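In what follows, structures are represented as structure tokens.
You will see two complexes here that share chain A, one where it goes with chain B and one where it goes with chain C.
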Partner chain A sequence: MSALRTALGRVVALCGPHRVAVMIVFFVVFPWLMPYKALAINVLILGLFAVGFNIVFGYTGLLSFGHAAFFGLGAYGCGIAIARYGLPWPLALGAGVLLAGVGAVLIGGLSIRRRGIYFAMVTLALAQLVYYIFYQAEPITGGENGLRGVDVRTIALGPVALDFLAPTVKYYFVLVFVSLALWCLSRVLESPFGAVLEAIRENETRARACGFDVDGTKLAAFVLSGLFCGLAGGLKAMHLSIVPTEVLHYQTSGLVVIMALLGGMGTFFGPFVGAAVFLLIEDQVSLVTAQWQLVAGSLFMVFVLFFPNGIWGSLLQWVGRAP
Partner chain B sequence: MSQSHSVARRYFLKTTAAGIALAAAGIAPRRARAQAETIRIGFPVPLTGPFGTEAKDQVAAAEIAVKEFNDAGGLGGRRAELLVRDDKLNPGEAATRTQELIEKDKVHFVVGSLSAAVQLSVNAVTKARGVIFVSISQSDAINEAKDWSKYTFHEALNPHMTAGAVGRYAFPKFGKRVVFLTADYAYGHEMVRGFQRAGQPLGVETLADLRHPLGTTDYSPFLPRIQALKPDLLILSNFGKDQVNSIKQATDFGLKKTTRLVAPVLLYTARLGGGPEAFEGVVGGTSYYWRLEEKVPSARAFNDKFRAAQGGAVPSDYGALGYAGVRSVLTAAKGAGSTDPEKVITTLRALKYDWYKGAQYYRGCDHQAVQSVLIIESKKAGAMKNPQDVFDIVHIDPPDESTLRSCQELGHKA
Partner chain C sequence: MSGETILSADGVGKTFGAFRALRDVSVAFPRGRLTSIIGPNGAGKSTFFNVISGALLPSEGRVVFEGRDITGLSQHLLARLGIAKSYQITSLFPQLTALENVRIAAQALVSRFGMWRPRSALPGLVDEATALLDGVGLGRRLGVPAAGLAHGEQRALEIAVALASRPRLLLLDEPTAGMSPEETRSIMELIVRLATERTVVLVEHKMKLVMNISDRVVVLHHGEVLAEGTPDEIRANDEVKRVYLGQGRPAAAGLR
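Let's turn to the complex of A and B:
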């Protein structure tokens, strides 16, 4: 056992500097490990959502209960641009990310003045506000029926037109964006800015005493997080070809907290592990029984109580590398 | 030298022959299998969530249609199979599950859904991929040219038909001064619009349209206002638990003394859950109620099959739609002699059928099932012959295209 542990520790140590490359290689073969491709795409998208959320939760130490707002703004921004204005998908995806970024500036600007439970409640309230605006704006968003007509069937790459309805093509299309996002995030976390984020998480007062602009950094982290979540939302809209109102619902905010905690908060790969495990349980257990939430909930409690570092965080700890 | 050459040659011949035999063996069963390939029907319904009871009933009824088809020899030996998926009443989950059914399970048809939003999301996925979808829950939007495609069939009633039929029955009988209590979402709004359209030529007056959020448990803020308006009719355009709660509270408040309660869709399961006292005298519409068997032979045949399969239970309204939707596609596939969507669409469009409630057919422009709407009234506890005997069918609105919105209004060319 201990030999395995050291060996694994060595592998992790070797992979560490190339974590993005290793993850991409893993994701290239990932669809063949999943029951079907649409689920693999959901794991990528919700994993990216959880990664974005992890920037404020795991790295900066702020528990937001309103991240569905950014996921939803990205989805609706992209979806409305395609369904209502007929924009080509690259512009639409950009519009979704931009809308989520604007939302993050506004919500972040108001909420980061508070800490702890107050911060969580303010983000929740503001996200609900966004939910009801989109729920009521029926002529634009489709209201409770959801937004239909996000119809992307081919992706034109110069002379080649890729069939976006083919699940494998769609998976690798999403993977390209997820890879780019992960590479960006990896660079940000390694920069001095990333170090300041962790300093704030560990001790906000000390970070301020060291002369760092704590409020500015928090807001920047919040907006960065919003942009990542918005990208995930835009990809979700293209993947499903609809935008359901559920993307903005507070349950989506809760879901991303569960995924991040289950996988391991503050770890680079953990959010994807959390998303994959949760979605797999939901998918496979619900084939057997309608009580799948009982299984998912029990697993979540076990991890919160006995493995607070999550699945991936505990694994890293076990092989001797702090998460 | 020559010997080794001949050995090599013999070896070559042997291996080639073996190779060809193997390849042939590999191809042959595959071809045989293709001929007897099962007909797969994807069936996404909300097994978890507030409509779980209805969803289970839909599955049970759909299984009867599949069994019937298989017992009759299938399609030239091809058997049918139902692939049930839980859509969790969530349009996003439904879209993912439908992609799974089409991409991984390679289903030939999709039948199902029990929510307006879910059926529209399933429809978005199936129409992009050219797979026939028979929706078995209410929506007006799915008939409209924006959402509709030639692969879309709508077996359920839609709010316009239902509210229209109930309105045409209730307004002349109970009075013209109306208050609406409406769940504030697409279903509720569409129902109100249907009632108002039916009421316009009759001179019906809307005193108020009170909107409550989905899932409201306390209706006491609305009740004094309704009582003060003294309407002849209170129309409750809400569904499931909301319907049970609002009817119970309105009854307790004493509204029934002056006002008749009407619901566009009076659910069998809601009535069982709410009890006879609260629902007594409430009038509403439905696509199906089991006592239709007293008048319609196909209803009796269907009920008997359901009772035999489900230990004496009778099918609910939404459950019966699961049977009808699956039976339609399977019959059409048999008629077309193929599962090719274009051929099956042609036979479905030409289908004149009577599966369980009398004559029906799909309208040409939007594939809406033209069918009767039953008007039912909830019975007094004392008048019930058995626990399943909860409604009286007081009127049957016959199938008639003129009760639907016109093709032009929906944006269809023809």
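Let's turn to the complex of A and C:
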């Protein structure tokens, strides 16, 4: 056991500096480890959502209960651009990300000065506001039936038109964006700004005394987080070819908290682990019993109570590479 | 003791609810000198530091730094303008190494929102942080997380972090709190050395030391300035004696 531990520790240490490359390689083979491709696609998309959420939650130390807003704005922004305006998908995806970014500026601007539970409540309330606006705006959003007609059939790659409906194509298409996002995030975390985020998480008062604009930095992190979540939402819309209202629902905000905690907040790979475990439980346990949420909930409780670093965080700790 | 004033407080008051922690405090700190603020527990010394460093908004009065009214400016701006503080209760980045604690403080002067280039590409910060840690006697503890340092080492790190902001005005709130006599002596030597290059304001309870190293002393009592002057003047001040005798610790006060 201890030999395994040392060996794993060494592997993790070796992978550390190339974490993005290692993850991409892993994700290239990942679909074959999953029961079917659509599940793998969902892990990538929700994993990216959790990665984006982790920027504020894990790296900055802010618990937002309103992140469905950015996932949903990304999904609706992209979906509406395609279904209502017939924009090509690259522009539509960009529109989704942009809309999520604008939403993050507004929601973040109104909430970032609140502390702790008040911050969580304000973000929740504002996200609910977004939900109701989209729910009511039926002519544009399709209301409670969701937005239909987000049809992307082919992806043009030079002269070749790839069949987007083929699960394998779709998976690798999503993976390209996830890889780019992870590469960007890795750079941001390594940057001076990333150091400021660490400092704020460690000791806000001292960070301020050092000369850092704590509220401004938090807002920047919040908007960055919103952009990542918006990208995940846009990919979700393209993947499903509809946008269900649930993307904006507060349960989606809760889901991302659960996935980030389950996988390990503040770890680079953890959000994907959390997303994968959660979706696998949903997928496999629901075959056996309708009470799969009980299983997921119990597992979640066990981790919150006994392994607060989550699955990936605990593993890193076990091999001596504390997150 | 004439000369240029680096910072002055003008009729500063601070209330917490109905409680007046500071009332009508007017003092001027001469540039390049070491001024100490003394006073019994609860006199308002830390509160005064918080007001002049921008951590607390004064309820009345104003604060002028290098000729500029800084009342109400936020603390992070004041830090960049040149006012740094070490905390009475150690306030560090516990999980970060001693080196990173100081490096990040130094980074605040050069990069705060840079998101693309790696932090390691910022020139000079690690060297600067290493030199500062050497200067406070932590040259061999660079890689140790702040939480893993001994109490005395953490106090020294506090000072190094404050120095990393390259302050022209350095506020030290009981830097030797909880230190052994030996550690206290070496920190005091350090402070005297620091005071040759910048203005230092020191809050300290160890009165003998204060009287030996300070150019000026301000005595706060119940949130008011009780006396102000050279150490000799303070020693001779009857009111100050009474306050400290009233506390029942004339010897500790070192006023004889």
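The working rule: the second predicted complex is superposed on the first by the 323 of 323 C-alpha atoms of A that agree within 3 Å, B and C clash if a C-alpha of one lies under 4 Å from a C-alpha of the other, contacts with A are read in each partner's own complex, and residues count from 1 in each chain.
The rule is simple: contacts are C-beta pairs under 8 Å (C-beta built on N, C-alpha and C of every residue); 3 or more make two chains touch, one makes a residue touch a chain.
What you see is a predicted model, and the numbers here were worked out from it, not measured in a lab.
Superimposing the complexes on chain A yields a three-chain arrangement in which chain B and chain C fit side by side.
After overlaying the two complexes on the shared chain, residue contacts for A:Arg10 are found with neither chain B nor chain C. Of the two partner chains placed by superposition, only chain C is touched by A:Ala220; chain B is not. With both structures placed on the common chain, the touch criterion links A:Tyr36 to chain B but leaves chain C unconnected.
Within the superposed three-chain model, A:Ala199 lies in touch with chain C and out of touch with chain B [touch as defined at top]. Touch criterion met: A:Arg153 reaches chain B, while chain C stays clear of it. In the superposition on chain A, A:Ser241 makes contact with chain B only, not with chain C.
Taking Cα centres throughout, chain A sits at the apex of an angle toward chain B and chain C that amounts to 150 degrees, reported as a multiple of 10.
Of the two partner chains placed by the overlay, only chain C lies in contact with A:Arg208; chain B stays clear of it.
In the superposed model, A:Glu190 lies in contact with chain C only, and not with chain B. Shortest separation of chain B and chain C in the overlay equals 35 Å (C-alpha atoms, whole Å).
Residues of chain A that lie in the contact sets of both chain B and chain C are absent, per the superposition on chain A.
Of all the residues in chain C, the ones that touch chain A in their complex are 53, 55, 74-77, 79-80, 84-85, 87, 91-96, 100, 103-105, 107-120, 122, 161, 164-165. Put simply, chain A touches chain C in their complex at residues 187-188, 190-196, 198-199, 202-203, 205-214, 216-217, 220, 224. Note for the complex: chain A touches chain B at residues 35-39, 42, 138, 143-146, 148-151, 153, 165, 167, 236, 240-242, 244-247, 286-287, 290, 292-293.
Of all residues in chain B, only 47-48, 52, 85-86, 88, 90-92, 95-96, 99-100, 103-104, 116-117, 120-121, 123-125, 128-129, 139, 141, 146-147, 185-187, 214 touch chain A in the complex they form.
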